[in-house]
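What follows is a pair of complexes built around subunit A, which joins subunit B in one and subunit C in the other.
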Partner chain A sequence: MTPATPTLLRPTDPAAVSGLLAGARAVAGGTDLLVQRRAGAEVPTLVDLTGLARTRPAVTSDDATGELTISAVHPLTDLATGLTDGAAGAFPALSAAIGQFASTTIRNRATIGGNLVTGSPAADTVPALLAAGAAIDIVTPDGGLRTVDLAAFLLGPRRVDLAAGEWVTSVRVAQPPVEGGFRKIGGRRAQAISFLNLAWQWHREPDGRLTGVRLAMGSVAPTVVRLRTAAALLEAQLPTQDVVDAAVAAIDADISPIDDLRASAHYRRRCAAGLLREALLPPSGTARADQYVTPTTREKNQ
Partner chain B sequence: MRVNGAPVATPAEADHGLRLLDYLREVLGLTGAKEGCGMGECGSCTVIIDGRAMTSCLVLVGQVLDAEIRTVEGLAAAGHGPLQDAFVARQAVQCGYCIPGVLNSCAALLDRESDPSDAQICQALDGNLCRCTAYNRFYDAVHDAAAARHPNGAGA
Partner chain C sequence: MTADAHAIGTAPAPWVGRSRPSLEGNDIVTGAITYVTDRREDGMLHGSVLRSTVPHARIDGIDVSEALALPGVVTVVTAADVPVNALGPRDVDGPALADTVIRQVGEAIALIAATDARTAEAAARLIRLDLTPLPVVDCPTAAAAPGAPQLHEGGNVSGAIAFSSGDVDAALADAHLVLRRRVRTPAQEHVAIETPGGVARWDADATSVTIWCGSQNPGLHQRKVARALDIPPESVRMIANPVGGAFGSRNDDPMPVFLALLARAAGAPVHVHMTREDVMAAGAKRHPFWTSIDIGFTAAGRILGSAVRAIADTGPIITSGPNVMKTSAEMSTGPYGFAVASFDGTVYYTNNANAGAFRGYGVPQVAFAIENAITEAAHELGLDPAEVRLRNVLDGGDRHSLYRHRTTTSLNVRETLRTAVEHPLWAQRRPWQAGAVGPWRRGTGIAVAMKGVGMGSGTGDTARARLHIDDRGHVIIWAGPNHTGQSIQTTYGQVAADALGLPIETIDVRVGDTGGVPESGPTAASRSTYAGGAAVRAACDELVARCRGLGLPLSTDAAGVGTKLLELGEAEVNAEFRLPDTDDIGIVPPEQLATFAPHRVYGTCTQVVRVEVNVLTGEVRVPELLCVLDCGTPINPAATIGQAEGGILQGLGLAIMEDHRVSEGIPRTTSLENYLVPTIADTPRMHTLFIEGSEDSGPFGAKGMSEVVVVPTPPAIAAAILDAVGVLPQELPITPERMLALIEEAPCV
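Entry: the complex of A and B
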């Protein structure tokens, strides 16, 4: 059996949450917190945020600026629907990340808010958000709102800039370019914690040059990190073999992977190079590994 | 809370922090959902909540007080008898421990895709582990069930 049954409160009014969070802990999809609890973590009174999802849409886009506001308390399945809905804008890298996230059953529960506050360097939604320069909207204990850049929010492994009594309500990003993606390397396709992952976005100018290049990689440093040196070498360049070689070689300066139970630092450096190379110059004639659904053996044999 | 199409007694406040899996099994006596890993990875405890397949080990009772919950015990009444029959006919069941969860993932899929492809079945089952590895038979059974529900091949 699991540890003692916690008290669970379920506000449906966002204004009521802060008053309940004193001495309590927020829970949404529970896909991380309830796993920690099973492993023996003490869980105080819980304040369930999933009841707030009905008070607002999963994704909205500003008509004038195109800025996307993404709810932190909706399940990823709802975000995937909202992001592919033309009216709400698109975010290719985040959509791709959700497509490769855990499993159907987990995507039906897990939230962006949870993925952010657990502070895992391997979190699969974070690279797309970091590459897009996301801002995190946090409700403070007095019910006010403070906004922090995602880059400043991520402090270290399992450490984020979130004080007791605060909760993440939404994430905002400037309208992402139409070209972007996400790819992860894990032990298997479903339910895998990433050995490493990469999100990218850029504009492709009419002459083929890449501008606004932004890259972020997970599980290669104490937090998800931007690949600033590699991106700078790609900026305003045609992605020729020489340019790609130089950018790939520059990754080593931006990352500091370690050996852990999932992969070695050496393996991660080799994979990091391969991920960026294939994002820039997709191999032709082979199935793209970032396409989530692949034919089964049976279909291939037909 | 409604379970398998009928309202159930409102859970006591002290039970709101229980896992839905424990509430179904120990309070409501619905033992179809099985505990495998207890961490959302194996899918044995998968039930359908408001139309979506979820692992009931990672859901707390207080989070679903206003939800419509479907367990394997209620699948036939929800029109998924043909799916269960197809699992039998295709001999898709070996040890059986994963099957209630697998059936719920397949039923939730069939409710939104009347004629799913192998790729869609693969994705719907990506959170369900079967260590007897009867996956190919699951695919066959889902195709059979789709055909049985739409005998003229009419897609939704």
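Entry: the complex of A and C
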């Protein structure tokens, strides 16, 4: 039975949030909180941060550096638009992650802030941010701002570096390279918690060598983790068969998957290797329409 | 759904063969419909059910005093308060509420009614149970082991069925190829959108009860409630409509009994609505099966004989267990004709989730064994998998391979196969395969299925209809089987309109209410359109004949005819349709006809499916699927396509993701977060085609199809995987983990 309905406060002035958060809990899309409540979790007064979205853009790009500032309180749908409409910079891995995140209805509610603070090792937006070396901007109870590296922010399963009364306002990443991506493996093709996921970004030099290689993987350790060893083996190399084999073999050094209901540790290790191998396949040409898909033809009078 | 917009216009007739939107469709999509669980009554209380969290324990005491003392609590019902604490006439039917022993997580122990739902839930938590844990029987092997805890007085065997048509070993001795394989299929959850519940109202003066609660068998639930409350069946009225889905889950559901017990104890209307989590733990599942097959082939791919052995886990009470295995036995030879066959199946009691009726009813499990074997044989023999099937299929009127009984002449597996083979999905499978990109390998699979319509020969299976015409010429028809989400009343109306020659708007079909509908048996066994439709047709034909005999012009002056019939006391018609037995029972002993219940009428289906397998991750995608149906006349084609597509998705779920997992008697898949069913993103492009055909005994030539469509999907997907990556999965669901393990055991190029 769902617990009693909490009080919901919906500030539209960022300066008002800290004062309301005393003894209360911040909520954005609520897509995780609703599930927790159904499981019996009692929640106090809620401070809905999504009212702040109208006070600022979803994504902005620094003209000089190309650094992206991504709002933590906008729905993912709005971020996806912000990352593709040309006004701000592109972030291929995050765009791909949002495209594979839950379902359209969930993306219309869920936020980056929520995905970060719930501290799930399976969170689907986190690998792209971690691979990009994101910094998290946190508003402190006194209304000040502190910034923490995402890698330091993630402490363990459902544990993050966020004190009572603090809230995440935005996430910043250095201008991402044009090559990047995200893949998740789940029990089905939408609305599924990841068995594991992988985000990557790199520059492909004119001679084919990869530089700035950054890899991050979810659901294979207590937090989303960087695949530093594998990335180091790829750095400044041509992704030849031998190099790829070595990088794939090195994944084990940076992950510590467990058996759970969704998948075994063994599968996670095998599939982690498969995902990186797939990401390193030569870029295929633009997808062409499949000429062998049969048009749906309902029979007359059916 | 309708290609020809004109077809759903207002042309008067014929209605049969024309797509007609579900009568309640607008109300469903606008939210205007009042489902039984939406019903609210004045003075209504809210109920909850205390359910076991342990799989097996002796009950030493139940203390409800604290719960009763909670303000707002009106009544608490335990086993001691139930007049006849039984869900059926046999011990193995189980009690309404656990009395001396708990045998399953989720088993109902006590019922609470309170002024609001939150109080009822809180009261359930205040009930003190004194339990002594008992050893858990966690699988059929454990159930069969010497010294195993006995879950019932009669032991742990819930049922067994065996039959042989000859010496299979001798037949296999001459075979060019013999395959001995074992497949495993999981427990599957129905996931009807509406979870069980409803409202009951007790009339103390009349000692009668009215229950609004979904049911696939309102007459059976009426009798179950009457037994538990120790009142006559006519004192129980079940109104089982409208309901948001069933798929078998409303066959064995005890909810009507719970509602009635609470309303009687509280002396007030009581509402109960199960949570999804409750259903996941306590609701019946598809029986998990372990099925072995020994099957022999000639070099040309002709089947020489097969021996199938199956073991099923029915959980702690019998529900449908032995009847499911009876259906498995009959369909253990698939839609194929060959000389010798045997079947040996056993159903065990365990402390796992109770299993019961589920669309397909024992057929998907054994079909996976035989279709996989045919797929593998074609592969081994270097033959086309469709051609091997064509060389073996039963034709209409052929004798069944196990029971040697005569099948209906409408059986037309062959035409479904031929149609499928000519379709581009099959014909162009090689160029499609060659278009594979990256780690995604492509393959195309084919599988065939057959499933009996109705309860089978010797069972006396009968559906009934009652018709009344009034002085406006309007007709009311009370008919069963009931609506359980498929809008059967829409279809019955089409049958009636054509049979009577009256405007369809003047015909009001009512289903699901024991206060009006004559006993018509369950919405089960793919029998509703066939049997219920035939009963409606019989009632209509009788009215037409009566009018003709009296010289009354029904089709041109219905109001005048209605007025005249009312004067004559002839305005009501009762009719029934008894499903015909096979006209030749073959080698089934006549005195055991109902034990094996071979069918006369079968629906059949061929499916072709395309899959893509990622050889690096084990993911399986199903982009496109063809379903060719042999269902006689599709009375409401759009509804038939809807049934096919829904059934395909349940088959697809069973094939690649659905798995209700229980270990040590504890359910591990507890909600729709960890029990996954296909979403629209997992849904292939589906093509459903009907072949020409007509079943003489059915209404306007119709026969059943709603279960057979589930059956070919898993083996067709397995066959497609073999085509894609060279390995044939033998265990469902084919999760990415299982798929990757198979690929790594047998690496493909």
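Methods note: the second predicted complex is superposed on the first by the 280 of 302 C-alpha atoms of A that agree within 3 Å, B and C clash if a C-alpha of one lies under 4 Å from a C-alpha of the other, contacts with A are read in each partner's own complex, and residues count from 1 in each chain.
Rule of thumb we're sticking to: a residue touches a chain if its C-beta (ideal position, glycine included) is under 8 Å from a C-beta of that chain, and two chains touch if they have at least 3 such contacts.
Every value quoted in this text rests on a predicted model; they were computed, and no experiment measured them.
Judged by the touch definition given at the top, the superposed model places A:46 against subunit B, while subunit C stays out of reach.
When the shared chain is aligned, subunit B comes close enough to touch A:5, but subunit C does not.
Once the two complexes are laid over each other on the shared chain, residue contacts for A:187 go to subunit C alone; subunit B is not touched.
Contacts of A:103 after superposition: both subunit B and subunit C are touched. When both complexes are overlaid on chain A, the residue A:35 reaches subunit B and subunit C alike. By the touch criterion stated above, A:263 is placed in contact with subunit C alone, subunit B being left untouched.
Residues 1, 35, 103, 189-191, 292-294, 296, 298-299 of subunit A touch subunit B in one complex and subunit C in the other.
Across the complex, subunit A meets subunit B through its residues 1-2, 5-10, 27, 29-31, 34-35, 38, 46, 48, 50-51, 77, 102-106, 108-109, 189-191, 292-296, 298-299. Residue ranges of subunit A in contact with subunit C, taken from their complex: 1, 4, 35, 103, 185, 187-193, 195, 261-264, 267, 270-271, 273-275, 277-278, 281, 284, 287, 290-294, 296-302. Taken in their complex, subunit B has these residues touching subunit A: 13-19, 22, 38-41, 43, 46, 49, 52-55, 57-63, 65, 105, 118-120, 122-128, 136, 139.
Here subunit C touches subunit A in the complex through residues 1-4, 7, 17-19, 117-118, 121, 275, 423-425, 428, 431-432, 435, 437-439, 614-619, 621, 623-624, 634, 637-638, 641, 657, 661, 668-669, 673-674, 676-682, 685, 687-690, 735-737, 740-741, 744, going by the rule given at the top.
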